[in-house]
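Following this line, the structures themselves.
Shared chain: chain A. Partners: chain B in the first complex, chain C in the second.
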Partner chain A sequence: MKALIKLHVKENARGRSFVLFGILGGLVSLVLLTGGLVIVDNNPTEKIISQFGTQWKFLSILSGLAAVAVSMGTIERHRKEKRTELLALHGLGLDRQLFSLAIGNAIVSIMLSAILALVLVFIVIFGQAPTSLLGFAAAFASYLLTAGIVALIVSVLNMFLPGVVAAVLGVFLVMIGSFHQIIQGMFLNNSQPAGRILGKAMNLLPPLDVFNRLTRCLFFLEFNGGRDLTVFLIFIWLTMTAVYLAGKGVSRREKI
Partner chain B sequence: MIRIKILSKRFGNKEIFRNLNLEFEAGKVFALIGPNGAGKTTLMRMVLGWEGDYEGEIIFNGDLRLGYSPETPYFPEILTGRQVLSYFMEVRGMGRDARERESLRLMDAAGLDVQKDPLVKHYSKGMRQRLGVAQALIGEPDVVLLDEPSAGLDFFGQQEIQGLIGKLKDRGKTVILNSHLLYDVEKVADCGYLFINAHTFRHFDKREFVKESLAEMFINTAKGANA
Partner chain C sequence: MKKYKQILWLLIGAALIASLFIRQPRFIDAHTIDLIDQARRLDFEDCWPGYQPDMYPVEVYKRNLLGRDSIVRYDKNGLYEIKDKTPVYALSMDVDPDGQAVVRMITARDYQSLSDMGNYDGPSADLSYQAVFAHEAFHCFQFDRGFYDLFKQRTSACQKSSVAATSRKLDHDPEYQKLWVDEMHRLIDYAKEGNAKNHQAYLHSYQMRLDYLYSSLEAEDADEYLSYSALYEKSEGTAQYIENIALSRLSGKKLEFSITGYGADASKFYDSGFLKSYILDQKKGLDWKTDFFTTDKTFEDYLLEADRL
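The block that comes next holds the complex of A and B.
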């Protein structure tokens, strides 16, 4: 599996998308640093918190979209080019191939997300950020893992759906997930039964805003409980399990 | 030896094989000849275990190791030929030293220049086919299945592949060759099977070429089937 993961990362972690997302992330960080998009009262502490909070929110959405862009179509391409059969002949079953590709997608997405947040890293190191090294490292890790989760979900979708459809669904999941609690609240407050059912059904979608809140809490050293962390870890476990089971299912169906 | 007894193999409503009985003896070069859609590639895939949906059985004499080169093999374009071989070896769990040694040996066996080894995306069709054969030899297989290894190659490229197949035979490998190039087959095959349609096939041996060329044999068998 290691050989395929290495090759997949090498094949995908190159090209213009890295430069593009690096510039994009840098621009977002710089614009928000100058306070361009942050409207608060003249309280400096509040302004800094708002600036960094908004940065994490924007970067989180961008990294989710980057994960979709990186992962869309990779599994479909692998199968169309008939890479599966030779690898199976050399001892790597289809289920393990699919698992490797999903992990590879997650790794590339994490690398891309790290590049997206590069300017933020410099701002934190050389600027005045309300965090500690440990807090920032923990926040950064949860931010990167969120992108990895999105990549894994899109990979699972791509095992069953064409790349474009998986990408559209991926973008939908990122956008809905980024405002999960607000949208869910709207549905649950709806008096109609359909609204409440939709609200409940949203529990199946990844609550990216909860993961983002965890990132911000860790960053601002306000981590005060395990609920968000527990949801986060459960979701990582659920996603990994879904990748594993989906790979097994496809492999059994295709008899490779 | 591989013994194939297929009562029926279908793709939907289309019958590919009916009452097919074939035997592949060890150490010989076998050719599968037939028109497009006759099921030659399907037969190879059945031997490899990728087409399990059929009535009948395929019996392997002992625990045979199989190697396979597809008609249009996919190789990662960002790797060199030697790195491609090393990649497949790593998938098999071979260590770094063994990979270094074996990739060098197989590149040499396939007539690929290790010194001037460009990225696969710069490989010619002939070089890709030879790399395909080299890949099929990883793990010292007993039986090597080659699907149209000379397709699209010029005369010199075809001769190189013929030479490669001859070397495989000299090393005691059983080769199952799927080819449209009758001249190519006459040069390298010891024997083989002609497929005309789902239920018409015949065995041939190279000693028969004295009386009848493969092309004549093919035409006569097809005429007999249509009569």
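The block that comes next holds the complex of A and C.
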């Protein structure tokens, strides 16, 4: 299993997409730090906090999209290759292969997200950021894990659906998830039964904006409760369980 | 060994989900109650005599993990859950069947989620939540002063008229947008420095917009639109004034006067009404508040008078 993960990471953790996302992340960080700001009148938040907060928000959306780009089609491609059967013959069942690939996708996405935030890391190290080493490390870990969750979900989708469909659903998931609470609020605001049902159903989608708020709270050292963290950990648990069960299901169906 | 790992994994999941249920407050979280309590204690006697936010019961939208969402009411009887009323996820006001005005709120955590583009930190979102509470409670105060009879009467008249179409037409008219934004800048100057020169500049700008309205619309439509905008400025602008003052006091920062652009529909009237309320409040000895909500008087009835600052 470990060998397959390593191989998958080696095969995918290179290429132009890394350079592209590195440049993109750098540009976002620089633009937002040199004056780009979402302006709200009478917002009492300090300017520097608004700037860093907006950066984390943008980087989170970009890293989610990067995770989709990295993960789409990888499982589908693997299943079309002969090495699936070869690996099975050598004792690595399809379920464990799929699990390994999903974990590999998560690792590559995490690496890509780290590159995306590289300029931000330099700014934090050499500039004056309102955080501490511990706060930044915890925030960075939650930011990376969020990208990992997206990669795992797209991997699960790709076990059952073609790569393109999984990618479209992945982008949908990132966009809805990044504004999850606002969209859910809109549904709940509509006092019709359909709105209430849709509002409740949205609890099943990963609230990437809540994860991002957790990241910002950790970064700004204002972590004051475990609810966001608990929701975050539950989604990690659910996603890992879904990857495991989906792999088992596919393997049983194909009897490999 | 594998079996034990699976059991351990299931136990971790069960513990996480259980902790979410255990931590769910019985009614609403203590932080939200604390913020509402603080906001209810704010004193606005100096800026709007008679208005006290603690006069009104509060109904908070309660999200339930498994069951239907419900309302938690907070009034002189304390906190209690209402299950036989459809909850509405909104920041607004409502009126009980017995005629009692009620402030509708969501929890502070939900509010932070709604205002979240990354540019608010936790403490600022809390301040903003309290200020919005003061805004909505002020709508309850307007109701108590009889404004909503007038509001209902006017809005039902608007629904029968073509004012919605006129509003949409103007919202897509770049020339009108330009004139509106220019008038807002003149109002900002006047709010910052209440001298005769800025008053004249505002009057000129207002007249330009008025001329454009009457030249590009039928006179009847222009009258209707002006009446509609005055109504929303009165309702939302005064409430925005209270909200901005609350935010300024809570944060210890000065009031800010700025405009980010032309707001579609009624959203622009929040800012224009706020600026006009502030300007009128600077006029020494001018009593514009006593019958403002019970009569047809508009901001312009006072602003167009000779400058008395």
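Here is the rule we use: the second predicted complex is superposed on the first by the 248 of 256 C-alpha atoms of A that agree within 3 Å, B and C clash if a C-alpha of one lies under 4 Å from a C-alpha of the other, contacts with A are read in each partner's own complex, and residues count from 1 in each chain.
What we mean here is this: a contact is a pair of C-beta atoms (placed from the backbone, for glycine too) under 8 Å apart; a residue touches a chain by one contact, two chains touch by 3 or more.
Worth saying up front: this structure is predicted, and the values here are computed from it rather than measured.
> Give one word, clash or fit, describing how chain B and chain C relate on chain A after superposing.
fit
> Figure out whether A:Gln55 sits in contact with chain B (first) or chain C (second), or with both, or with neither.
second
> Does chain B (first) or chain C (second) touch A:Phe99, or do both, or does neither?
After superposing on A, A:Phe99 lies clear of both chain B and chain C.
> Identify the partner contact of A:Leu4: answer first if only chain B is touched, second if only chain C is, both if each is, neither if none is.
first
> In the overlaid three-chain picture, which partner chain does A:Asn189 touch, first (chain B) or second (chain C), both, or neither?
It touches chain C, and chain B stays clear.
> In the superposed arrangement, does A:Glu85 touch chain B (first), chain C (second), both or neither?
A:Glu85 sits against chain B, while chain C stays out of touch.
> Using the superposition described at the top, determine whether chain B or chain C touches more residues of chain A.
C
> Give me, in Å and rounded to a whole number, the least C-alpha distance separating chain B from chain C in the superposition.
It comes out at 17 Å between the closest C-alpha atoms.
> Taking the two structures together, which residues of chain A meet both chain B and chain C?
Chain A residues touching both partners: none found.
> Across the complex, what residues on chain B touch chain A?
Residues 48, 50, 52, 66-68, 70, 73-74, 76, 78-79, 87-88, 90-93, 135, 138-139.
> So in the complex, which bits of chain A are touching chain B?
Its residues touching chain B are 2-4, 7, 10-11, 14, 81-83, 85-92, 255-256.
> Touching chain A in the complex: which residues of chain C?
Contact set of chain C toward chain A: 9, 12-13, 16-17, 19-20, 23, 61, 68-69, 86-90, 106, 109-110, 112-114, 116-124, 127-128, 244, 247-248, 250-251, 253, 255-256, 258, 260, 271.
> Which residues, counting only chain A, touch chain C once they are in their complex?
Spelled out, the residues of chain A in touch with chain C are 37-46, 49-50, 53-58, 181-182, 185, 188-189, 191, 196, 199, 209-210, 212-213, 216-217, 220, 222, 224, 226-227, 230-231, 233-234, 237-238, 241.
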